[in-house]
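What follows is chain A paired twice: with chain B in the first complex and chain C in the second.
Coming up: the complex of A and B.
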């Protein structure tokens, strides 16, 4: 499968996951969105050299994955695919920061390596939180949550339209690419001139399609205002979900929980 | 290259989100005012087009490596700056949610880097300036290439600024800039050529599309844009270069203090609200004393009291401070306007 078809499959798969039936799926999207944002903010606000302090935060993605039965390997592969940029930039930390920070046995570990590991952990946590949000809520849910949270109407409408026509356009583009590659005998990639013509054709078809869509909307009574309606209840379950997770994140951020646990265990056995 | 959550501090992420949210609000308001029904499906479908186009890799003529279209410039040319910014923001949002391409906190930074510069700086100031009303092959090509290059350079520069100010990565400013700018020069050139070629294709087969898109972008917002541009340029000049010439002599208050008490600043009490607030300020100041944070790792060469104090930290902080202040001022202005119109 080419990249285009892969990504189409990807989006469709995540959409299917979002229409699951676990308890977490039924929670109002606003609660999940707010919890995810607080999670990301707390993780990102940790210091450069914090590794053990990040450990309690691993509970959130794990709990979500287990409770909603999400495919772990699939999510892990997605995280790996986007890791390169963070790794590339983070790689300079061990090179630049060589002062030893930690002594374990006979080895001293420099601050650079610690901050590098911290970056990787941070990356894994934040990316998995975002992916889990989509897997549990679905894109339409997120857009409706945004609309209820007072994000400007035109932007939400743009997101919904984009999502709706994403599939149409990706399929059209993949058909064009496939048709061309089946007719190309020495296919060493797509030459620039061919690309320009392909894309230009796609653009012209897109503009025509936009006009047809507009006419179809007018035929069905479009008057310039788009009304979004979906019953969304932010009830006791949502408040409990958001409040308890947010409290946990804030506590984990402010107090060094692993150290406290470690000292309790030390006090017991030593 | 999209920013990742892992490399951002909440201060930087939050600031850029405020700027992006303000811009989204402003563009949404403009779209509502325009009342052009046809634009709504057009924006959605063009967003999907850009998304699909970003997945088509072509081989770059001389090198043999492959590249793909970014899309900011094409959107700006076809839709105008406000609609194009919203469309680009929506594309990046979908990418962030589905492909984890840039985290949710970094989404604010990414939308700003990849949306603001092509739509509000490169398009009105460069592309429109080069093309004006003369739609010829040469002006379109030249305009597209130069504006794509400039837009991408500025976006890449802001990536560096955001990473350095977050302080999570140890990459020093100079190294990062020298690595990223040449790469994005090449990327910008390729993007410019692809944009120019596609626009030329559209223009040659259906010239009325480009002409109608120019006609639909009224010139009424020209005056306010000129004012804004003037402000931005002034901010850049003053913050960037003139800050070096800021006098090294003590200011009025410090001079008076010195004459009376023999010290230029009072010692703060050991405990109490002062110290806790001062500690808070120290933590949140990402440009302490108008320069880069002097970490213990680099041996900070004291620049002494040389004048003009040519310190990249000062000019960057001057620039950044100026831009942030401007954005905040604009944002507050729009909030006030909205409040006023709601209470009329």
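Coming up: the complex of A and C.
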């Protein structure tokens, strides 16, 4: 149960980070959202053996972390939490693809291992970019940006409500688990049968609450559309931010920047 | 001022599972009145409140807000004039920040942005919480949530305020502050509550409900002095009035 509550505080910490006052925090959420989307698209679209071409992309998360003074360790832990999914996706690559691809000294590395590392790298880059976006903008900021970018309303409402009631749901669940554990004197852990019943109970409570929330919304004139009054300015600063980073991502995607830089340096010195 | 009147005529409501929520309820509440709705758990208070702005529709009988009967056609107009504060502020505060929450109603009324901002500021000022404007709703304390929940309703400038258990789960200071606040409102107020001392402070009239029916509708002071009625309705005197009962200690023989 403490882990549930801890994760709650952990999410709240992200909101605290998002209320910072660095220059990056002040940039319009739309600019950060678009930039992150382009970043993710470019990283994901790289070939499965293109590890070296992924290197320039590391600059973006690093630059954001340094400029906004985000806690590296915290972000790293968050990435580790979801890492098993990426490992699961790529873990069979070394077994399936055994053709040697790279020779380093006496060792030959198979294509499977290269693609496995590339999956992990891609995962690290994209997840860190998404986390940085949330840490700089806040989840609600991202939702507002989505709404302003004309993403369909129901989708945005779902996300907004998901985040708003996540806390209420976790608190409710932790209260139920606490109540149960205080009366389950000698049993260890949560037996599956009890877990299922708790989950069912939680679902029923959630449905009741959803009904009450809907009533509260209807009482204040809800007609199926959520309108948010929040001035957002997509000015020169936002255009510069989005354009320059996107240009960099596109260049890094289309050209092999490390090789280009290497050949320029080589040509200069040799 | 006639649209501040709330009138119920022979109101019945039976839930779809056959449970009778309210049965033959009739009353008339006039402009500026402050009425407490008291009764034991399951007496039908919340069911009745939900009828006042069309969240539930009566199976029989009629409810009139102002000059109009409440039906699906004038539901929107009725909801504009009847503001309802729910028991659990978490149900009421569904938007990410306090500003968004209070602005929700005025925006839906179609007000321009500058007026919305003004309404939000005024509503927060009234409940004494202007500093909360940019806070996230889920991070507020119980008392703050309650104040903001009331502000969300005030921002839509209703004529009639309907409050369900406004003092529930509040600490003594927040409760006292809320009572003071409620006393300043000039609206017609209908307050369902178990906090009988609050009813004594805020409401000059009390409606007692028991098993879906109205058992008494009289001045508050009068109701809370009627021990027979209170016992029959599953209630007891407010704490403050219990003291008077305990005065005849002379009857107790001391050694």
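To be clear about the criterion, the second predicted complex is superposed on the first by the 234 of 270 C-alpha atoms of A that agree within 3 Å, B and C clash if a C-alpha of one lies under 4 Å from a C-alpha of the other, contacts with A are read in each partner's own complex, and residues count from 1 in each chain.
Note that in this section contacts are C-beta pairs under 8 Å (C-beta built on N, C-alpha and C of every residue); 3 or more make two chains touch, one makes a residue touch a chain.
It should be emphasised that the depicted structure is a prediction, and the values quoted were computed from it without experimental measurement.
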First, second, both or neither for A:161, with chain B first and chain C second: both
Touching partner for A:26 - first (chain B), second (chain C), both, neither: neither
Chain B versus chain C as contact partner of A:79, first or second or both or neither: first
Partner chain in contact with A:213 - chain B first, chain C second, else both or neither: both
Which of chain B and chain C A:240 touches, first, second, both or neither: neither
First, second, both or neither for A:89, with chain B first and chain C second: first
Chain B versus chain C as contact partner of A:260, first or second or both or neither: neither
A:133 touches, of chain B and chain C: first, second, both or neither? first
Touched partner set for A:222, first chain B, second chain C, both or neither: both
Contact residues of chain A, present in both the chain B and the chain C interface: 160-161, 163-165, 168, 209, 213, 217-218, 222, 226
Residue ranges of chain A in contact with chain B within the complex: 3-4, 7, 10-11, 14, 36-37, 40-41, 43-45, 48, 78-79, 81-82, 85-86, 89-90, 92-93, 95-97, 99, 111-112, 115, 118-120, 122-123, 126-127, 129-131, 133-134, 139, 142, 151-155, 157-166, 168-170, 172-173, 177, 188-192, 194-200, 202-204, 206-207, 209-211, 213-214, 217-218, 222, 224, 226
Complex interface listing, chain A residues touching chain C: 12, 15, 140, 143, 160-161, 163-165, 167-168, 209, 212-213, 215-223, 226-231
Interface residues, chain B side, partner chain A - complex: 1-2, 4-10, 13, 24-25, 27-29, 31-32, 35, 37-38, 40-49, 51-53, 55-61, 66, 69, 74, 86-87, 89-91, 93-94, 96-101, 103-105, 163, 167-172, 175, 193-194, 197-198, 201-202, 205-206, 209, 297
Of chain C, residues touching chain A in the complex: 50, 53, 55, 76, 79-80, 83-84, 86, 88, 90-92, 94-97, 100, 103-105, 107-109, 113, 116-117, 136-139, 152-153, 156
